[in-house]
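One structure, pasted below without further comment.
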Amino acid sequence: MAAARGNPRILAFVCSWHPMAAADNAGADGRSYGTATAIVPVDCAGVVSAAAILRAFSSDVDGVLIAACGSGDCHYSNGNESCERVVQETRDLMGLAGLAPQRLRLDLSSDVDGGRFVALLDEFAVELAGLNGRAGRERPAPSRSAGKKPAKASKAKATARKKPAKAKRAATKKTATGKRTSRKKSVAAGKKPAKASKAKAAARKKPAARAKRKR
Amino acid sequence: MLDAGRHPLIELLAYSQVERVSRENGGFHVEITRKARYVDENICNACGDCVAKCPTKVPNAFNMNLDERRAVYLYFDQGIPSVMTIDPDYCRYLKDGKCGVCAKVCEKGAVDFEQKSRGATLDVGAIVLATGLTVFDPTPLTQYGYGKIKNVITGLEYERLINATGPTGGHLNRRSDDQLAHRVAYVQCTGSRDLNYCDYCSSVCCMCSIKDAMLGREHDPESVSYIFHTDLRNVGKWFQRYQTRGEEEYGINFVRGRVAEIAEGPDDNPVLWYEDTRTRKVEKLMVDMVVLATAALPSPDAAALGDMLGVEVDRYGFVVTDDAAPADTSAEGIFACGFCKGPCDIPESVAQASAAASRASELVLSGAPVGKR
Amino acid sequence: MFEKAIRETKAYYCLECGICTGSCPVSRLNPQYSPRIMVERALLDDDETMLSEREVWDCLTCGTCSARCPSTVDFNEFTRAMRIGARESGFEGVDTHAGILRALMELEARRRGRRDISWVADDLRVSSRGKVLFFTGCLPYYGVVFSELGVDTVGMANSTIRLMNACGVRPVVSRDERCCGHDLYWTGDRDSFKKLARKNLKMIEESGARTVVFACPECYAMFSQIYPKFVGKIGFDMMHISEFLVSHVESGRLSFGEKESRVTYQDPCRLGRFLGVYEEPRALLGSVPGLELAEMPRVRSEALCCGSSAWVGCTRINKSIQLERLSEAADTGATTLVTSCPKCNIHLSCAAKDKDTDGGIEISFLTDVLSDALAGGTES
């Protein structure tokens, strides 16, 4: 159970050129990363479609990482650039659907250092744990059982969840009097992260400790 | 028809409307309105002098409004009784008190503007219904473009065009340019065997279209016809032979497949889209003229007549008759024959008429009080 | 396997007359595809082999065949039944736009997030609760996906709100709205469709709306014709924006300024053949002074489909249908082809872009045209 603490599910599309070399090196070095991370090697980051990313989110993935070659280093000359466009488009769509765009991360790097690769995953996991903790509303809802999560994290989550609920009620009240539009409401909702930042900070600490232990 | 008109024991009450029917003394008391013709039936000999001088033109309903008649007219040439009628909706004298030229030219003095519609009564022992049919208006089938594409016409319009007394004197001229139509397509089941309109088979259209196509070839040796059908229902003695003869001797092409859509091609030529279900291919065919074999319906006021007489009619307005006694309606003493009880062709109508007449005379001669005028 | 479908679509009434196949815009271009033969094969128990064939996915569900069928066989539902069967057997159609739209719909069915509605223009008035709700459908998403085509679907949503504001109505635009499920329904994904339907009905109930206005005929058709079949009675009124606006034009609350233009109008399958709304969009165009409506030969119930639907399958055949329609539109001499369905707009714009010829016809959305006329009206 302890290993699962702050262990968000990450789907990583890894280009089989530079980034995959980095992942291989991480393995050769005996480095480890979150157990809920799945690596999907792709010929080039340019083949990753918006649909594939969105489908991942439909299947209860917490975050999608695309590891592409650094600028100017694409084996197919511009796959990484087209991937940037896809990522931008997908983030726009995620935003409209109420899914935090930070859940999709693109890393453009030709660095084949395994340590960097693992650090990248760890850092992303921390960010996702934070997002999961604070934004109860947009978390993947159905199949994920609460029992999977350690008690502490779920408590933090529960408190974080309460706040948006309150904010929502307040917002509905305001609109009921006709003084506020729902757009203004969304601005009000945007303030919440500050309140939840405590929980996020707490969540950030733990995976870091875990990373140390593994090393 | 002429036989009936001349029969000494048959009195025709043409241009009349049955207003009310009640049962009295075991028979029927019938109230009738005899509409004013403004022409004395006993004097007029239908010479046509009045028609030649009448200045008022009216759409000719008998010719499917393809040409015009005058305000004084003979509904159609073989009509019985053969007397003129003045149309009060159009006649200048009856509307505005001006003109009256027909009265001036009539040598017999048959025109009578003072004539009024009058009531009449009949006491009869039995009634025979023979209210016939009307045809389906294909306008709702917008995919066939009737009313929009000029050279798409109905079967009845074709009948008038090919008829020597019709608007073109028997020439199959196109509505768009008055040129002879050589390539003619017949669209069967227009409104028939269609759950959206008439879910029954109109039964006469297959033979009718074959006949029309044969007539076309007789009038024009270059004529080529296409009959698009769901399946040909030529059920009668020698009917199959007739169809074969049409194919072999009259240039008729039978295509199995209902026409899906008619578009307007260049030069006002209709273009038919269809699946030839034998080759399983979607094809299009451009022709000079399309004839829609429209469904046959009971006459529009058949249902009202049924109500008045207490006779059961079905949801289309066809008179319901007893399966075991096919001339008998649901009301005793009332019989039916012909198309008013369901689609049938002329020989069958004649046979049914004889049956209904003998059922009626059986009843009347059996001792029930015979009607007296 | 198809027994239920045959029973429900009344396929056993088939006369094999060929009207469906002769009417089908796909069959005219693709001899392999025939609605009649599909029904025939189903009746002959050949359905197992059919499920794996690509023809299952070729139907545009435009409804022309069913509208003309003398036996009133519902071929659209027949197609849907085949697609459900195909999916269950592991066969899928080819998603258009690399599956992005389908993925979005599935995402909305499965996740809980609330939509961002910051796309609503600043000068417009919307609310979160009220009597009238504007169901935006997928318009905000299409704005991202189809920006390259130059189709501004967010603009369509905004012009719809602008017109409603002009009528004195401040519509609800809900953050809890979901895709209506149209495309998932017609591609045989029953589960996701039902999830979306339930979420939407709950959203409307919570908004307090008594009337729901749609800019997209597909959403309108789903709500009014399909939802009641699967999720029970609908407790609110529904109308297309054209129906909504016509009543305000008739009552004199809404009027337009002069706009000199010759336009033609594309009847969307859903709004036309499905819902029978033919006159309202025409009445609206007719109420704009100076706007002349030139009709194409195939209109109303005979209108040609925009060539693609439910984001499945887009081949040479679909493109040919679209180009055929565009040339029909251009032949009317109109400079603008007006549609009242965002998808017609997208599909025809795509084809027009591919065609890339000079003097091509401009494609506009109904509410954009009307909203522009509104602006002209206030200036003068």
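In this document, chain identifiers A, B and C correspond to the written order of the chains, with residue numbering beginning at 1 in each.
Simple rule for what comes next: contacts are C-beta pairs under 8 Å (C-beta built on N, C-alpha and C of every residue); 3 or more make two chains touch, one makes a residue touch a chain.
Since this is a predicted model, take the numbers as computed values, not measurements.
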* Farthest from subunit A in C-alpha centre terms, which chain would that be? -> B
* Select, from all pairs of chains, the pair with the highest number of C-beta pairs in contact. => A-C
* Which one of the chains is closest to the middle, using the mean of its C-alpha atoms? -> C
* subunit B and subunit C, separation of their C-alpha mean positions in angstrom -> 45
* Just give me the whole-number Å value for how far the CA centre of subunit A lies from that of subunit C. => 35
* To do: Can you check how far apart subunit A and subunit B are, centre to centre, with Cα atoms defining each centre and the answer in Å?
  => 79
* Structure fact -> subunit C residues touching subunit A in their complex are 95, 98-100, 102-104, 106-120, 125-129, 140-141, 144-145, 172-175
* Structure fact -> Per the touch rule, the subunit C residues reaching subunit B in their complex are 13, 15-24, 27-28, 31, 34, 36-37, 68, 70-72, 297-298, 300-302
* Note which residues of subunit A are touching subunit C in the complex, please. => 49-55, 57-58, 60, 89, 92-93, 95-99, 137-142, 171-172, 175-176, 178, 181-183, 185-186
* Structure fact -> Contacts from subunit B onto subunit C in the complex sit at residues 142-143, 189, 193-196, 230, 256-261, 263-264, 273-277, 280-282
